[in-house]
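One structure is given below, represented as structure tokens, and several questions about it will come after.
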């Protein structure tokens, strides 16, 4: 038999031609890109002179979007790996509270409190993952249980230890700590000062800080968000582990048979999600100086929504980190933009629902074209 | 060829023997039954003299359980049909608010307000279902969008119309209405009076109602719960439509190929879930006389939890209404029982999470035995 | 001597993550210790008032000597409370509701701060200070008492509430940025009103960041660590202290003495509104979030 | 004699894919009509338009001489077309008897309400499965506990039981062992003798030759023609199924065994 | 010559089901060892213990003479066992090239970090698929857009590419058309000639006879014995696969066509 068999020219005449442009446009992020353009166009038209696009306004929605991004990256990778984490919000509350209890109540050094909290939370993420893997239960149920359990402890601990459910004073104890600024600090204050001087950034006109630039540095929150997005994107698309994430979510059985360590991948992703939640919590605690038992409520849904708006498939195996980041951006811009535009704030939820639905329908259409799903 | 081919004695020697007792015990409701027994035993031991099992106490947890049951029946059938409804809680708030706005603000007759609300809510359920069917999106996302949209309107309408988020005075306008007692009334007052006289039920000691029984009738809430459970159970197990529900949830494609009208079944189940939510809301509004924008928060999860504790499969195709009802009972008894037992209230969520996890693991084990899943 | 046999249950309407109610918990705990009675705190986990009605029924069924409860919604709660009273349980209304409603449900007395009135008083005070427009940062818009506070403030100022109340949600970063967004879209706003520590703490930071701290008129309901610091720093003009400690502590004391010795004050007790300003802050500072 | 069903120039497009580019086939009562062809030739798509799963993009369906337009599988079933799909239409979590009657539940009226007649369903299921040579533990055994071959047999038994006029089998033997395959072929033979028209899809020329009366070969969405039993030889059929390409070469090295 | 792999008295129980009740099989380099047997005989279970998916309940595995204990499929792959499972190990949402290298991703280090070498992966995929006679639109085409036969071919191409010492194929031809089947059989032949041991599972005696060097028949979790090519006739093998039962009767009515 000859080594190279004649190629079976597969079904050429049976496939209608598709334009190159259309081919090029069809990518998982397309929904996110279209949505982002639409949202910015909308607010440019209807809220341009509300201050939404001056330096302060930009910083405003950037920070909100950055928050969403941090948890969206974790949720995105986990969702692509075929699982869900409904305990993200409770984990945020729990992590913040742990840092506060360790540093304020127990008086440990802040850096130690932060590191131990990271260790505890990542371990809890691993427990989540371990239960899901071992019992084969849907992660919806397992993490729903953790949603309740963690929130319960977040209320119970400070209540019994400190007799309060908001613990403040973290800024005081964090003074001079080497790790705290990594989460709560701002980068390049000098640069922004200079921006203020040359007029790129506005300066305060009244109040205690008149003359200073309105934006006096790049908050670490945004830096973390960007770092996590880049990390997640590279991990997913450029490494072998990324291929395993897709495989684990696409078909765990098939992946396992092909030698992908599915259990390890999924548990690691649960841990990464917990890591992201803890970054979120630590940034928040360091910025606001207090931890409350009600922090992080409903954040799990917001993360999932951002990821889904960004084109990921709820059932796993498909999605992109860039898309999720754009989803978070859309989410943040819409939320803040409605305030700038002066829309009755109780309608925000209605808008959110409608945008979610619209984005998902668009994404589904795009995905069907890409994957040839039926 | 002979008509009756010799039977291929299938693999008898390859199946280890299983005891008859074990066969008999293994049913979908088993998890619910075991849970119910465990929960009652527990509270009998630890909260017996707290008033939990006097007539007033029984009425208390019965009413809470009945509430859960009403939404659990809808959620159960929908889940078996392979879908989810996360908008149940918002639907409850929305329905109550509609009734209040129609009857109090607009001054329409109460019966008309109730009927129109039912029509609107069932139509919204159909919209939910229609979007899920037409777009092929996961119901998680579609109903999550409705969760936000409905809650948004529930806050927005009374806010703009009445400038408050709670509308009261429904009891006054419901006076003499023929439909209101169907949701807010009580059955057999005479019987309970007699119970009071012969001492089965305690009587009030003082005040305007001294001498009357503390439980003065069977609330319609409980009647609705029982009716819906019976209806759901019969529908699911005794009718052809019930078989279609199982089939639609087990494998929609296969069911469709076998001639089951899957789209119709699913949309009807979304409508039935909306119906149950509206019954819940109407009973609540008629009993308490007011509608608030915060009614029904998180009820979607409580319904799903009850159903899952009751042994249904989150991914559809498997479950039982009786199980869901027992799940609701367990949930109600645990919730109120923890209060009776005097447990620190912030720990309630921790217990809830642990019970949920335990129940689901037990049920999974049982289901694997029944269905021979791998 | 049988004194420890009294048992009192306090039922609140707050979701269990709401930090302000912590002072209440501490108040009854302390009163319970001091009086030698058993006290319990109950609340609906999500803040659903219908669930709260069931908790009152449950509390009544468990046969305590008295129930201390809020009257967050008269329609929902009056039935269960009347039933409790009729079944022989003494009731004191605290925190929300009005003295009239308390009498109507058959309660012994009312201890608290009527929300609308408190808002109204704050509004009058702000009007005296020259405020003509404001932003009300509502972090629990679902609950009626929050709206009453904002509405009262607007009425006190003599202006329409309109769009000046925002649904801020509970995430601090979102609250902070929403406040900033509102203020930059409406730069002529004279005053900010927050409804408790949850919204006040991020608002403080927002004002600090956008440079309006100390410049814009800032009033808040309910105290907390950061609020006290804000008052001290002159960023917050006043905090309305309804003294939740008293709302929890006094009813226990009153009920215990009533049940032991049959003595009862002849009138309702208004625990607030008391305006906390930069003067005399030390005690407040020491116990904010715990007993203040 | 007129054909029971006549499919005229059926076309079916899925988005940019042309699955069927005009296929005509008819089926007579009592015959076994074999549909053969390469992977992706369009066989499954074709029988799905026949059984109401897909609507043809163009073309006409005549059922007993009347133009028909099946809106969904129910319509086709009601008209008398029973189908065993390639990817089984069985639901693993449901019991055998519920699966057996799925979409065709027997009903007994009590108080005017049509209840699912479980007793009859169970009896029929046990009986029919016994006839096919499968002893169930009980009618409430879940399909998920059956082996692939057993499931296939349930699907066929069900189709035979309800298959009024036309029985469509899409690659029923592909996953079956020798004994089960013989069983299925015997069943086809039996059904055909009862006057039912059978459409039998297979990749195995021998299986086709064993029971087929006529053979239609599809290739890339088009018919290569229909032949009667005896008119065509094994090798010719084989060549046609493979599109006539380079079979010689392969045959050579593998000794005519495919 | 020693066998590459020797499975001794393998047992496997799933809960109350005894899937394998002691099966011994060995595979030599350069031979094609056919595993035959009825549905549910335990063929898939057996090769899954061989490829590290299941741990045997009892029994011993010797790989190149050394006792081996595969903890998971990775171990087996690393030892040189490549498997094409009956239910394909392909992920529809992923591109062909990602699927091709799933679990075996080529890596290129940049700054010491091992990155997935997409370029190499794409090139290899296109080349290997071309060799198997499949022209892809591109390496990033999703597997979901391929036909069943094409997917099967990707799976086999992948296994061949990575199949260092042993290649296991579980019913690779069951869903394939004539041409694709011929292709797969030719591939088996080619692989065997390269000195790789092939384990080939099929229900089709002819396919087995075409490429097999030895034939092991399983029946209800036990071996009925192993025969060399030429030692056993087509009919005998057929009888054994069906458990020797009543084949005569069926054969009669269907003309020896199964």
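Lettered A, B, C, D and E in written order, each chain numbered from 1.
Rule of thumb we're sticking to: a contact is a pair of C-beta atoms (placed from the backbone, for glycine too) under 8 Å apart; a residue touches a chain by one contact, two chains touch by 3 or more.
This is a predicted model, so every value here is computed, not measured.
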| item | value |
| --- | --- |
| Centroid-based (C-alpha) most distant chain relative to subunit B | E |
| Chain pair showing more contacts of the two, B-D and A-C | A-C |
| Taking each chain's C-alpha mean as its centre, the one farthest from subunit A | D |
| Whole-Å gap separating subunit A and subunit E, where each centre is the average of the chain's CA atoms | 43 |
| Euclidean distance of C-alpha centroids - subunit B vs subunit E, Å | 50 |
| Approximate Å spacing (C-alpha centroids) for the pair subunit A, subunit B | 34 |
| Set of subunit C residues in contact with two or more other chains | 16, 141, 167 |
| Sites on subunit B at which at least two other chains make contact | 1, 5-6, 8, 155, 159, 346, 348-349 |
| Contacts with 2+ other chains: residues of subunit D | 40, 150, 179, 183, 186, 189, 245, 250, 253 |
| Interfacial residue positions of subunit B with respect to subunit C in the complex | 50-52, 54, 56-57, 59-61, 63-64, 155, 159, 163-166, 168-171, 202, 204-210, 212, 214, 284, 287-290, 292-298, 336, 339-340, 342, 345-346, 348-349 |
| Subunit D-facing residues of subunit E, complex | 37-41, 147-150, 171, 174-183, 185-186, 189, 203-207, 209-211, 238, 241-243, 245, 247, 250-251, 253-255, 257-258 |
| Subunit B to subunit D touching residues, read off their complex | 1, 3-10, 237-240, 242-244, 246-247, 250-251, 253-261, 313, 317-318, 370-373 |
| For the subunit E and subunit A complex, residues of the former touching the latter | 51, 53, 72-74, 76-77, 83, 85, 87-94, 98, 101-105, 107, 113-116, 118, 130-135, 142, 144-145, 150, 179, 183, 186, 189-190 |
| Subunit B-touching residues of subunit A, taken from the complex the two chains share | 131, 135-138, 140-142, 144-149, 151-153, 155-156, 159-160, 301, 304-305, 308, 314-315, 344, 346-354, 356-357, 360-361, 364 |
